[in-house]
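As written, the chain order gives the labels A, B, C, D, E and F, with residue 1 at the start of each chain.
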Amino acid sequence: MSMLHTVNKSPFEKNSLRTCLRLARPGSDILLIQDAVYAALPDTEFAAGMIEAARQHNVYALEPDLMARGLDRDKLIEGVEAVDYDRFVELAATNDSVQSWL
Amino acid sequence: MGAIRKFMYINRTAPHGSIYAQEGLEVALIGAAFDQDVSMAFIDDGVFQIKSGQDTSATDMKNFSPAWRALGDYDITRLYVEKESLEARGLNVDDLMPLTWEDEDDDYIEKPSIRIVNSDELSKIIAGQDVVFNY
Amino acid sequence: MKFAIVINEGPYQHQASDTAYLFTKAALAAGHEIIRVFFYHDGVNNGTRLTTPPQDDRNIVERWSRLGDEAGLDLVVCVAAAQRRGIVDADEAKRNGKDAENIADGFRISGLGQLIEAAIQADRLITFGD
Amino acid sequence: MKFAIVINEGPYQHQASDTAYLFTKAALAAGHEIIRVFFYHDGVNNGTRLTTPPQDDRNIVERWSRLGDEAGLDLVVCVAAAQRRGIVDADEAKRNGKDAENIADGFRISGLGQLIEAAIQADRLITFGD
Amino acid sequence: MSMLHTVNKSPFEKNSLRTCLRLARPGSDILLIQDAVYAALPDTEFAAGMIEAARQHNVYALEPDLMARGLDRDKLIEGVEAVDYDRFVELAATNDSVQSWL
Amino acid sequence: MGAIRKFMYINRTAPHGSIYAQEGLEVALIGAAFDQDVSMAFIDDGVFQIKSGQDTSATDMKNFSPAWRALGDYDITRLYVEKESLEARGLNVDDLMPLTWEDEDDDYIEKPSIRIVNSDELSKIIAGQDVVFNY
């Protein structure tokens, strides 16, 4: 059984991403959407946690949400991959279930 | 799709400040009629949903917390509470409602529904679900 | 593959409905089936036809109605949540003694069982909320 | 003393409207004046008369209408926020070509200037939100 | 000029109370309402911050919200005072303005 | 109440994920007509509201971020950005929109509206306000 984890909250504001990382099995697909894409910014107080997360999991960030917030897909934390909605659908289909950390 | 599926209600929000806990419980009670393999997880502020002694009378809000006690009758008997979430909030199992169920295969003995699990155990349980709901 | 979509927040206030819409469109484009879009909590507010957003902004409600029509989507508003928030069709107006109704084209009001049923029948259930 | 109250979330989903109501009642009981209750963001959803909450629960909308009547409260729904969310009175329905309206007793729809004016005229402005 | 600070979010979920404590002047009135009353629980991971806050400020918790959540007014962090709505109104009146940390 | 009052818009939410930033800016632009003493504070994720380069086209959402540039014309010229909030997010002033105003008392020279202040400075500024709005 594999699970896609989506997270939609900024890690600076709310505990959703922290809890996701505590409870996702190693090697999970984790997709940052909406305000959670801020977690992909380098040099933040949350960056060390994200660098570690990107080593343990496959971390993605939704590109339309990155663009809306003025974040450059080429300047994300290493290992975080920008994806479009087609890929979001593909991740939801290839995993056995989807958990939304709100 | 005739097979029984594993449903989990993942409860992460505190009660009363928002309606998610209350309307989430309504889903679980309705869903119980569908004979799936149902469990619940209480994580983060979700552990406060089953804190004992809730009394909303002075807020004029509906006190839905007694409805938790009905879960056992609805065959929802596995309530996983994350140990780390409890500890971070200074709580232990005695601060929670004494939720139980009657085991009809064991002379209707009343058994506790709440199971304290650590993050690692809970992460495995979550990973094994077919469908998860979030409240 | 069969998807069921759950939307838990109203239009504009949160991005939930926007993300769900783009996900639904992409899933349909990829050849997947959307067996139901279920509106719960404040999500029921996506189902009122009385919104008039600014002309230079997207019309979230009409967008769902249109996609529902084009793709044959089953757009279901939870009745219990709708009663708390004032989303009403003709039947509900009659039952509850209301002098008006506001349900948008293509939406229908039904019970929570529709959510559970969708969760059983779909290969994937995905929730968009706050 | 003159208070102005701002409510930024809809009924039931968040506690904002409940807390604001109890604060307003307590302020009136203490002899203060409430010069305006302004509903903004999803707060405008407090102003629909189409809700039918469960009988064993409080009726948030009716409670505001009743207190508004008893205490002569000025309950103002922001027009721009209301248009995005589908809260409509007869005038708005006409202007925007809507076939129904849903405003509750005692509420009126007006512009954001009413919020600023209240903030200028009140001794204290207090916000209840999410 | 004095300011009443209200906070309505659980400190375990969101950063509102942390930010309030960073930006409130020493000696401020701080009122915990709604889910923020959980911050008054002793022995939590946030308790040390609250004990310090109660030394620097006048910290109150709204009793109807404590009761709704099953918290005992006699078992709060030392220095946190349970108050009713009448006192909430009085705090709003006696301070020069009210800031809501949401 | 004829005296001019000190109004502050305190912006703490990220844009786009919720509407607070957008509808908050609408209040500020309408409020500018009332000739009060207006300033803004950007705290926590509120600093992202004035991040440069926002492009919502791929989300189909309205891009309201260009409206920030109008603030100077509306005589809202003091935008306090908390230094600690910027740093926690790995940002500096160059990551923000170059928001300016023209000083009519100084030969219409264009001056920056953004002022980086630390928590202690900002706490004093907030404490001096008559009315605060939160978005």
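Here, contacts are C-beta pairs under 8 Å (C-beta built on N, C-alpha and C of every residue); 3 or more make two chains touch, one makes a residue touch a chain.
Just so it is clear, the structure is predicted and the values come from calculations on it, not from any experiment.
A.B. asks: Based on CA centres, what chain would you say lies at the far end from subunit D?
C.D. replies: Here the answer is chain A, farthest from subunit D.
A.B. asks: Which chain pair has the highest count of C-beta pairs that touch?
C.D. replies: Chain pair with the maximum contact count: C-D.
A.B. asks: So which chain is the furthest away from subunit C, centre to centre on CA atoms?
C.D. replies: For subunit C, the chain whose C-alpha mean is farthest off is E.
A.B. asks: Can you compute the centre-to-centre distance for subunit E and subunit F, using the mean CA position of each chain? Integer Å is fine.
C.D. replies: Going by mean C-alpha positions, subunit E sits 27 Å from subunit F.
A.B. asks: Let me have the rounded angstrom distance from the C-alpha centre of subunit D over to the C-alpha centre of subunit E, please.
C.D. replies: 26
A.B. asks: Report the inter-centroid distance (CA atoms only) between subunit B and subunit F in whole Å.
C.D. replies: The computed centroid separation for subunit B versus subunit F comes out at 43 Å.
A.B. asks: At least two other chains touched by the same residue of subunit B: list those residues.
C.D. replies: 16-19, 44, 59, 61, 131-132, 134
A.B. asks: Where does subunit A touch two or more other chains at once, residue-wise?
C.D. replies: In subunit A, 8, 12-13, 15, 34-35, 64-65, 97-98, 100, 102 touch at least two other chains.
A.B. asks: Provide the list of subunit D residues touching at least two other chains, using ranges where the numbers run on.
C.D. replies: Expected reply: 12-13, 15, 22, 41, 54, 80, 125, 127, 129-130.
A.B. asks: Chain contact graph: line, ring, star, complete or other?
C.D. replies: Drawn as a graph, the chains match no named shape, so other.
A.B. asks: Judged by the touch rule stated earlier, which pairs of chains are there in contact?
C.D. replies: The complete list of chain pairs in contact reads A-B, A-C, A-E, A-F, B-C, B-D, B-E, C-D, C-F, D-E, D-F, E-F.
A.B. asks: Which residues of subunit F touch subunit C in their complex?
C.D. replies: By the definition above, subunit F touches subunit C via 16-19, 59-62.
A.B. asks: Which residues of subunit E touch subunit B in the complex?
C.D. replies: For this pair, the touching residues of subunit E are 8-10, 12-13, 34-35, 38, 41-45, 47, 63-65, 67-72.
A.B. asks: Which bits of subunit A are touching subunit B when the two form their complex?
C.D. replies: 1-3, 15, 19, 22-25, 96-102
A.B. asks: For the complex, give me every residue of subunit C touching subunit D.
C.D. replies: 10-13, 41-42, 45, 48-54, 61, 80, 83-88, 92-93, 96, 98, 100-102
A.B. asks: Could you list, by residue number, the parts of subunit E that touch subunit A in their complex?
C.D. replies: Result: residues 12-15 of subunit E touch subunit A.
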